[in-house]
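Remarks on the structure that follows.
Chain nomenclature is as follows: A, B, C, D and E, assigned in order of appearance, with residue numbering initiated at 1 for each chain independently.
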């Protein structure tokens, strides 16, 4: 049933996949999501309604449909991209739609008094965004962004659908070669827990620290 | 899902119900679903014929990722794997293989016109070209044993062809029948296949044959199956009648004397002998050590 | 273009047949388990004695800390091998989805209990209400209104989560679409699938919002509080609830125990 | 400190005789983490007495009411209600925590009205009022309802029983909250800045109700308020707090017009 | 209505001569959705005048200030500042909306202090004050800083320039907010219940600063407050509102001691 040998064999293998693929995807995907998310949030607010409406629909559509389908579509539609590239792009864009929501909430959480004070001082819109709203909004948003990054990290196994060799894909391969998933999947699960729990605790600390 | 692994009485149960559930890997021309949504293919055709003879008229299929075929079999999701799985020592340790059903040769799928002039594994060695292999297929292990550097793993034959077609890989190694059929079926894909070859490692032909897989405890089912199988494999005409429509010929018919046991034990010498007929001989004395590892990453 | 539509026409029956069935069964079953798990774990975390709350917390962290895909494999292959308990494909999908999102849901429940104003907890103490009366009559109706937006988000996540159940051998919409890709082409197969998913999510979300509105009107909540609740829900989903528990929740929690 | 009355309550539980104070704080200590808010506080309140607590922000007034309502845990010391222990009893000279059931029995004699009203938003006004009588005291719905309508009349809202709290003005909500507290027939009523959250215009109606209550019942009241006129009108005694200590106490007329303590004088000037 | 002054401002734009009122509301209509809050309101305020707006909750006082600050959109009518149109101009008898640039030019003459202070929490006190002078008026940082320190001195916070708003008490925050408004050198200052969010103890310090301001400058002030003593001390004129109409106006001494209108009398009684 349980073979220690297989367990110890799987550890370095999956650790390597974890560092070389899972982490890389998470970091690059987060970068994409953080930037695109802010773009969506501001664009939907500032664009004229005729442009904002379709953009909002697109963002909502992506957010409300499954990641595996997005991965498959983009993977097959753009042959020249490697599976890894597709994985990073798609997961980044997918999570940017969540982060856009976080940014939006962060912006909305700024009390109307702040906008009104800016108007009362006749600050121009650009200055209001840059000096008053965004510094507060991003501060409010950071913990949420961090938590989405953790969520993305836990969704990297979805890349199994396009065979990006991240940790769980490798675990399944390893299991396939040894005709049992017990040890490999245990290792994968434990590695996830080891990585995500401390990060989540850190995020909570950060959140407390950032609260005004 | 059904009840767990069972107590080895699967044959009885299947005969009673008239139905058996098998897993297939969706590989043309072995076992796949056609455009009408019917389960078909060479191994399916053989199995259906055998099961019918055993009084099991209905064969239900479940498409399963290659890696998951044997784990799923052992946890009782289905009763047999009909995917033309190669008989390999590692696998025999975990599951029960029927006697050889079809012989395998390998081929390389390459871009149209074979720009790199590839012919077999040896022609790739040292070139740095990217070779696609299918996860869990025997070519994956062979490529590894040969120390080929740039390999990428794909999940299905379709993915492998796509990889070659769009340049993600320079070649894709898989069984000859599979790839030849695919190349024929997709004349616009811009791919072709090389001549079939049998990989040679340490001077020994890596003879391989595929068969249907059962759970180790289902000995009754296995024996009954083998009995019926022998009637088909032992009869050239019947064999070709059964699998001919899928592009198989007498060349894929297992030679008399080749047994699952030989392949399970990794006794390539015996296999080589059986394949070459009574007089065939091989030059290597102790090859078992290297061939054991054909399909695994470990030693 | 006509190729596209004839492709869609070929694909739809299969997507809407077996595929949709597997997706909906996973979703509906998962949703029921999710809500049950969320309510039980959330209540235990918020109200039970410390040792029990810690156990609930550990369960929540286990499921939130690892990945749904890992959990699916675990329930499907590992647990049967180690324990002999085999749930089969459909139940595995339902249980794994339900536990995974239920763990997030527990945070929604806990966060909502925390968000019930402290004054409400204190008033129940001032009126000497026993625990059951307090929860049933005062706290839960208010917390329920606050947690619905969170459950709405989770339902949509759950629908999307069902797209991985082919890993435990269910032929859901995603699986069927991937099969159909070879037959009808990439776009007809996958666009149809995406639209189906979108419509399911839309319907579920609309129903949930209707429920939200009803619950909130019952409390006489204004738009502001509803927006607030939505925002809290999103935050909770992203795993941020714990921080609030430390500050706002402690008072309410102590309240909860001493009666 | 002028108020250190300390009539050693040595026996476990007094009979409810007239000589025992309604409320007695004995050596009460309250800490929040490392900050000490009350440090050995002693005072008592007689039956039917109305006592107003004044003092600067943070001086501990609210904390005292919350301790009585068992909304905060006593760090040390004792609180006696009619001679009965509230949360901790002295047995053989040792401080023993009481069981929740015992606490609840004594607590039922105490009602509280909060600054933020805290009506239950998921119930109508009437349901708010009958909730506790029915589910805590075990009265029949009919009985509780009759009483509730009486009380609503008394606070001038006889016709609003079916309204939802959110449909009422702040002043009306607070009057319902008073009725709700009274529905439990408390012997003691705690009022913590009950008009601070109201628009200035609405303060009067709430104070009116309370003045009426003071005039027509003999409920013991502990009042925290910034409404000095009201405090003067209604209370028998004023206690001035600073940093958790009683720095001056006496008749309202005296304290408000001619306090002895310099700090009291400053405070009253600032608040006016 | 006693105040229907209506000196037809027929020309497009007046020169800034002394005869033109500082602020003039002409037939101002303001609706929120279907509820009409102001319905053809007319009044004007002279240069240097201090006018206090009183009236029950919901009577439209805040709305008037917000319209002047362009925080709400005018539904109909005109607002003139020194004879210049604020958001809408009359051209050939037609009502024309102005461009944001034009609005901004007039709005710069108006400053506002809010009930909730609304300091920018991400900036220090000093940054709060110099933000607008630097980025709106184009002053150099040095220049704005010198001025800001002067203003901070004036509101009694000369040493708190590097503090963050959250480190200050409510009263201090409100004083910073006053300094911030003054840094723009406004001709008109709008004050909307600037002490309502403060603890009673802190009200005095803020009113003190405003009294000083009234005594030493000639800024035109529009004040909404519940502090009647302050209103009486500081204002030249009091306008009593009810449901968006001016129901009485006059000298504070008169209005507060002997109002003509019954509604005013009631209101003042309730508030006291």
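Following the convention adopted for this analysis, a residue touches a chain if its C-beta (ideal position, glycine included) is under 8 Å from a C-beta of that chain, and two chains touch if they have at least 3 such contacts.
All values derive from a computational prediction rather than experimental measurement.
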{"item": "Contacts common to chain B and chain C (chain labels)", "value": "A"}
{"item": "Greatest separation from chain A - chain, by CA centre", "value": "D"}
{"item": "Leader among chain pairs (count of C-beta contacts)", "value": "A-C"}
{"item": "Longest centre-to-centre distance from chain C, chain (CA-based)", "value": "E"}
{"item": "Cα-centroid distance, chain C relative to chain D, in whole angstrom", "value": "43"}
{"item": "Chain A and chain D: spacing of chain centres that average the CA atoms, whole Å", "value": "52"}
{"item": "Approximate Å spacing (C-alpha centroids) for the pair chain B, chain D", "value": "84"}
{"item": "Chain A-chain E separation of Cα centroids, rounded to whole Å", "value": "47"}
{"item": "Shared-contact residues (touching 2 or more other chains) in chain D", "value": "none"}
{"item": "Residues of chain C engaged with two or more neighbouring chains", "value": "77, 81"}
{"item": "Where chain A touches two or more other chains at once, by residue number", "value": "76, 172, 175, 180-181"}
{"item": "Contact pairs between chains, per stated definition", "value": "A-B, A-C, A-E, B-C, C-D, D-E"}
{"item": "Of all residues in chain C, those that touch chain B in their complex", "value": "14, 76-77, 80-81, 84, 86-92, 169, 171, 179, 182-183"}
{"item": "Interfacial residue positions of chain A with respect to chain B in the complex", "value": "9, 76, 79-80, 82, 163, 165, 172-181"}
{"item": "Residue ranges of chain D in contact with chain E within the complex", "value": "56-57, 199-201, 204, 226, 267, 270-271"}
{"item": "Parts of chain C lying in touch with chain D, wherever the complex brings them together", "value": "117, 119-120, 122-123, 125-130, 133, 137-138, 141-142, 218-222, 254-255, 258-259"}
{"item": "Chain C partner contacts - residues on chain B that touch it in the complex", "value": "1-4, 26, 33, 35, 37, 62-64, 68, 71-72, 75-77, 158"}
